[in-house]
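As written, the chains take the letters A, B, C and D, and residue 1 is the first residue of each chain.
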Amino acid sequence: MFFASDNGAPIPAKIMEAMTAANQGYAISYGNDPATARLQDQIRQVFEAPMAEVLFLTVGTAANALALSLLTPPWGTVFCHQHAHIAEDECGAPEFYTGGARLSLVNGASGKIDPAALGDAIAATGHSVHNFQRGCLSVTNVTEAGTVYSVAEIEALAAIARGANLPVHLDGARLANALAATGASPADMTWRAGVDVLSLGGTKNGLLAAEAVVLFDAEKSAELGLRRKRGGHLNSKLRYVAAQFSAWFDEDYWLTLATQANAMAARLAKGLEAVPGARINHPTEANIVFAQLPLAAHQRAQQAGAQYYGHDTAGNCRLVCSWSTTEADVDGLLSAFRG
Amino acid sequence: MFFASDNGAPIPAKIMEAMTAANQGYAISYGNDPATARLQDQIRQVFEAPMAEVLFLTVGTAANALALSLLTPPWGTVFCHQHAHIAEDECGAPEFYTGGARLSLVNGASGKIDPAALGDAIAATGHSVHNFQRGCLSVTNVTEAGTVYSVAEIEALAAIARGANLPVHLDGARLANALAATGASPADMTWRAGVDVLSLGGTKNGLLAAEAVVLFDAEKSAELGLRRKRGGHLNSKLRYVAAQFSAWFDEDYWLTLATQANAMAARLAKGLEAVPGARINHPTEANIVFAQLPLAAHQRAQQAGAQYYGHDTAGNCRLVCSWSTTEADVDGLLSAFRG
Amino acid sequence: MFFASDNGAPIPAKIMEAMTAANQGYAISYGNDPATARLQDQIRQVFEAPMAEVLFLTVGTAANALALSLLTPPWGTVFCHQHAHIAEDECGAPEFYTGGARLSLVNGASGKIDPAALGDAIAATGHSVHNFQRGCLSVTNVTEAGTVYSVAEIEALAAIARGANLPVHLDGARLANALAATGASPADMTWRAGVDVLSLGGTKNGLLAAEAVVLFDAEKSAELGLRRKRGGHLNSKLRYVAAQFSAWFDEDYWLTLATQANAMAARLAKGLEAVPGARINHPTEANIVFAQLPLAAHQRAQQAGAQYYGHDTAGNCRLVCSWSTTEADVDGLLSAFRG
Amino acid sequence: MFFASDNGAPIPAKIMEAMTAANQGYAISYGNDPATARLQDQIRQVFEAPMAEVLFLTVGTAANALALSLLTPPWGTVFCHQHAHIAEDECGAPEFYTGGARLSLVNGASGKIDPAALGDAIAATGHSVHNFQRGCLSVTNVTEAGTVYSVAEIEALAAIARGANLPVHLDGARLANALAATGASPADMTWRAGVDVLSLGGTKNGLLAAEAVVLFDAEKSAELGLRRKRGGHLNSKLRYVAAQFSAWFDEDYWLTLATQANAMAARLAKGLEAVPGARINHPTEANIVFAQLPLAAHQRAQQAGAQYYGHDTAGNCRLVCSWSTTEADVDGLLSAFRG
């Protein structure tokens, strides 16, 4: 009963096998191997974006920070949700990689940027030499509150950004879960909705350590290559990252994994309705449940061996499902909660 | 016949199996898992350094740059060999992580810092507010020229640094090869010789992606933890890095791997003596051979399918052996060279 | 009728004369001249702080950013008022000099940090490696809203910071005006109230270009010296800065100048009571009046040649008095406003 | 007998008077005053560059660092002389402002970059993602060795840079002295010779504190404006900088001042020929004499009250003349040297 994070789950056998299969003979390092080239093409097809450039690394925080460094100068403002991962969970990596850009925190219920608030924040940003300048918009899907933007919602935010001439970043650490939740195509959720640069995360959805920055406009790919190396994020043995990602995209396995995680969260949310005193804090739209439970329920769950974060004095907690969460896990947790 | 780099080799079966074995059930992420804690202790034992703190990541360039950022302020000078990896192959990662420190390039034959030149360089560094200040010393073992510092040589350089109150960094991307070559103990080659911070590389010696920063003085470990996260180098699933490293240290497997790579380089260097027109450019002391060969010899080798870098117009080249290089590989290359 | 800014005023004759008097013969540059040394002592006496170290420069934004760079690491948070000068008017200089620290914006009426909000903001800052760490507190007196903290109010904020182990910066771009307004001594308003580092501004109160960073704890003065040089803020001919500051402190001339500016603002605020439709937006406690006036009143003032900023569509404006503002200027403006 | 530095001299009366004359009434701050606008036009005329944009500040180190930050990315290399001011006397300001660019130090006799060495250095810079990339060329005229590049020499270096697609910076901290020495026009020495950005120094040639960055291609002027503010180098009362510079350019007063300084250095160098044991270390082409003298000669000069830097154990010293150096000063120093 592990609900602490989706990155605490094991790696699916299919992914481990793909890495083992890739472990044959020699391969040129630093991404100049044929498997990495094939993966590039595979991702272009998945995203229906033949001109995209994709660079690989292994940590999502780095993918976000590098992406932002392409879209805003050191004196630019990154508009993002006040609880975005880049704002709360990256120890200033965006500031580090951009050379000191500032996050402009925008409100919005359940992790989603409120369009009107975004418009206001942009409008409030000055233009004189004394002010931070407007930099870019960063949207996260799935949000940190476990909610999911529809394609139309992303389009609406991107249109506001475009209206102010700002490029758009999508933090897709859980993009697979968002796609599984909405049924949207990767292209519709990203570049067709106005996204310029995507941080594409595999690690939270079954991969060992595999992330990518997808540039739908390839113009800055050389700069990104230098920034990645300079940041120490050019792994030498990228064939194993390629192996992970390729197996993940094959036959939509990424969506299969995400669908399972989402389904388990839905089952959990549904089950919580029957737990006395339980309350859902945000709509459960992907693989994360935010709930408030009586302290006694938490105590019982922990005694039963359940692991999860965020149980504060008011009983609020975060319960994350992964590809490997089973119905038995969920039902066991619910049973412990119910007592 | 792959001699392009030691990071182009496959992963030993023992390492892959260790990762597969680690892939059971759930584990708390970000290094808070029991396997990472056990590995910490294992490394303390290997280095006879019970107070050391070890932080893990997956790229050697990052390990170096983070280590340097602990040892020099933005206005400090890093004394290093003019052909050090940090000087020539990291696209400015040291400058990026230190916030703008400067490398002071010191001469020395075959990749080794000349002690007198180091003393001169330190002495030439000013003390006034107009000057860059003295920061730290960075030594690399195995050097970029494939030579190996003895323990006494490292001690001598470290003593010069100490005399000027400078801390000492050791870039140990190929430390295993240096230990295998000299028979020195890990402790003697590092902290007992005056090294404060070690970049310990596993990736060039058989691991998929596993590097560490070893702080022999633990005082700055909290700062390093923040810098690692801020740089985007805190991998979530560190249990797999722990699995790699633990299997590598078990029964001195790291030295077994390095010994094989070194032996193959020695065999290659020896064999080159019998190649007409061949010349060894640097003493072959670890797993890399620098040689000059007739252009026709290169042509024959390439036609035979050999892969390696650095064949310039004068016929100079770099030939790297790895744990997986076989006698047949070496003999095949020599045969092609001989024609 | 110039009310645009206090830095638009001319330099008092006494200051110009001091500079001319200093313009005799040669002087060692970069602050190693006797006049700069004497000024150091003079400031120590003025602030009753014999151990203080003072470094001089010419721009207040640089003084603030350099001060903050001493008090917070790149991964630290600067707690400040949401409308602080460092937040709104310095184009990211704090981020640049700190290497990417983040401002945590705290609310509070009329430019003053609300103590409870400060406590909440500090408490909300996480401690894990994923979070920005707590850095320092920055308070501004006179505030950007023209209000003045009492000594007790600064003490209260500093005590909250101390309770969380945070050092305290005071942006004293208009410290003279705050002292003149409250009658507090320089020592009481600064180090006795818990301030560690002071940005002391002369330029907004009559000097040509003279600012200082006062370190009440001298420990970091060498670092500040290097940071100042590295930032390009070590002026060579500091004897002229010393001349300005010395004449300014002589016989409390700085307070004389500030008292005049404050008095003119008080006269203006008082006079606005008699302007139909006028409203004071913030208490007028120093030399700046924030007021709302009918658009027709603004039109008349501008036709009469008055200069000032911030006349928005609702008629809000900022009216700044300086040492050279006269009663006639004030009465002329009021007359124009009244129509 | 002050020969320590040209920035230890007093300010010419004409410059002080210009500042006093500018001290009338109010002026909009931050360079939006009419005097600054007029000065912009004056400089465009002086340099025959109607499209140039000029930004003002008060410290030469900042002018250099800001200029370089426009011409090279953080991962770029600045090619400069090994003893350039940016390399030896700015405590890493170029690294700070560029965000971590690297200086590539090029040899050359008496402070001048050797064209062949420059070509070699550029050619040796790699192109792969592992290497620092080529950034820009920075030339200094007058050099740190007191020598002067002819227009043809600057053209030759700039042509080499152009051939590698690198922009060119000229550190003109003593440009007036170089112009006075060569008789070249400002345009010929700068943009017509291939210079893109000029750091124009006034402070070493009579001004209190006045420097400029001249962009011959105005494209990056908005970025420079933001970088200047962000660096804390936007002085509020720029009308006084404008007053200094305008009086300096009026009737070629800058060249008058520089001519006097150069003439005194020539007189000093000539006189040293008659000092027993004296040796000139670099050709005396502007206002600085580098000489070696017997230690006894130094002793006598110091006893006679002479002030200058750089008297090392071998008797080498630097003797700087300024606009205010008189024949009597020079002759007095020579007399003391002769004993």
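In this text, a residue touches a chain if its C-beta (ideal position, glycine included) is under 8 Å from a C-beta of that chain, and two chains touch if they have at least 3 such contacts.
No experiment lies behind these values; they were computed from the predicted model shown.
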item: Result of counting contacting C-beta pairs for A-B and A-D, higher pair; value: A-B
item: Most remote chain, CA-based centroid, reference being subunit A; value: D
item: Inter-centroid spacing, subunit D versus subunit B (mean Cα positions, whole Å); value: 43
item: Distance between chain centroids, defined by C-alpha means - subunit A, subunit B (Å); value: 33
item: Interchain centroid distance [CA atoms averaged], subunit A/subunit D, Å; value: 51
item: Shared interface positions of subunit D, touching two or more other chains; value: 74-75, 90-92, 96, 99, 129-130, 226, 229-230, 234
item: Interface residues, subunit B side, partner subunit C - complex; value: 30, 73-75, 99, 129-130, 133, 223, 225-230, 234
item: Of all residues in subunit C, those that touch subunit A in their complex; value: 74-75, 88-92, 95-96, 98-103, 126, 129-132
item: Residues on subunit A engaged by subunit B in the complex (per definition of touch); value: 2, 4-5, 7-11, 16, 19-20, 23-29, 58-59, 61-63, 65-66, 90-93, 96-97, 203-204, 208-209, 226, 229-237, 240, 307, 324
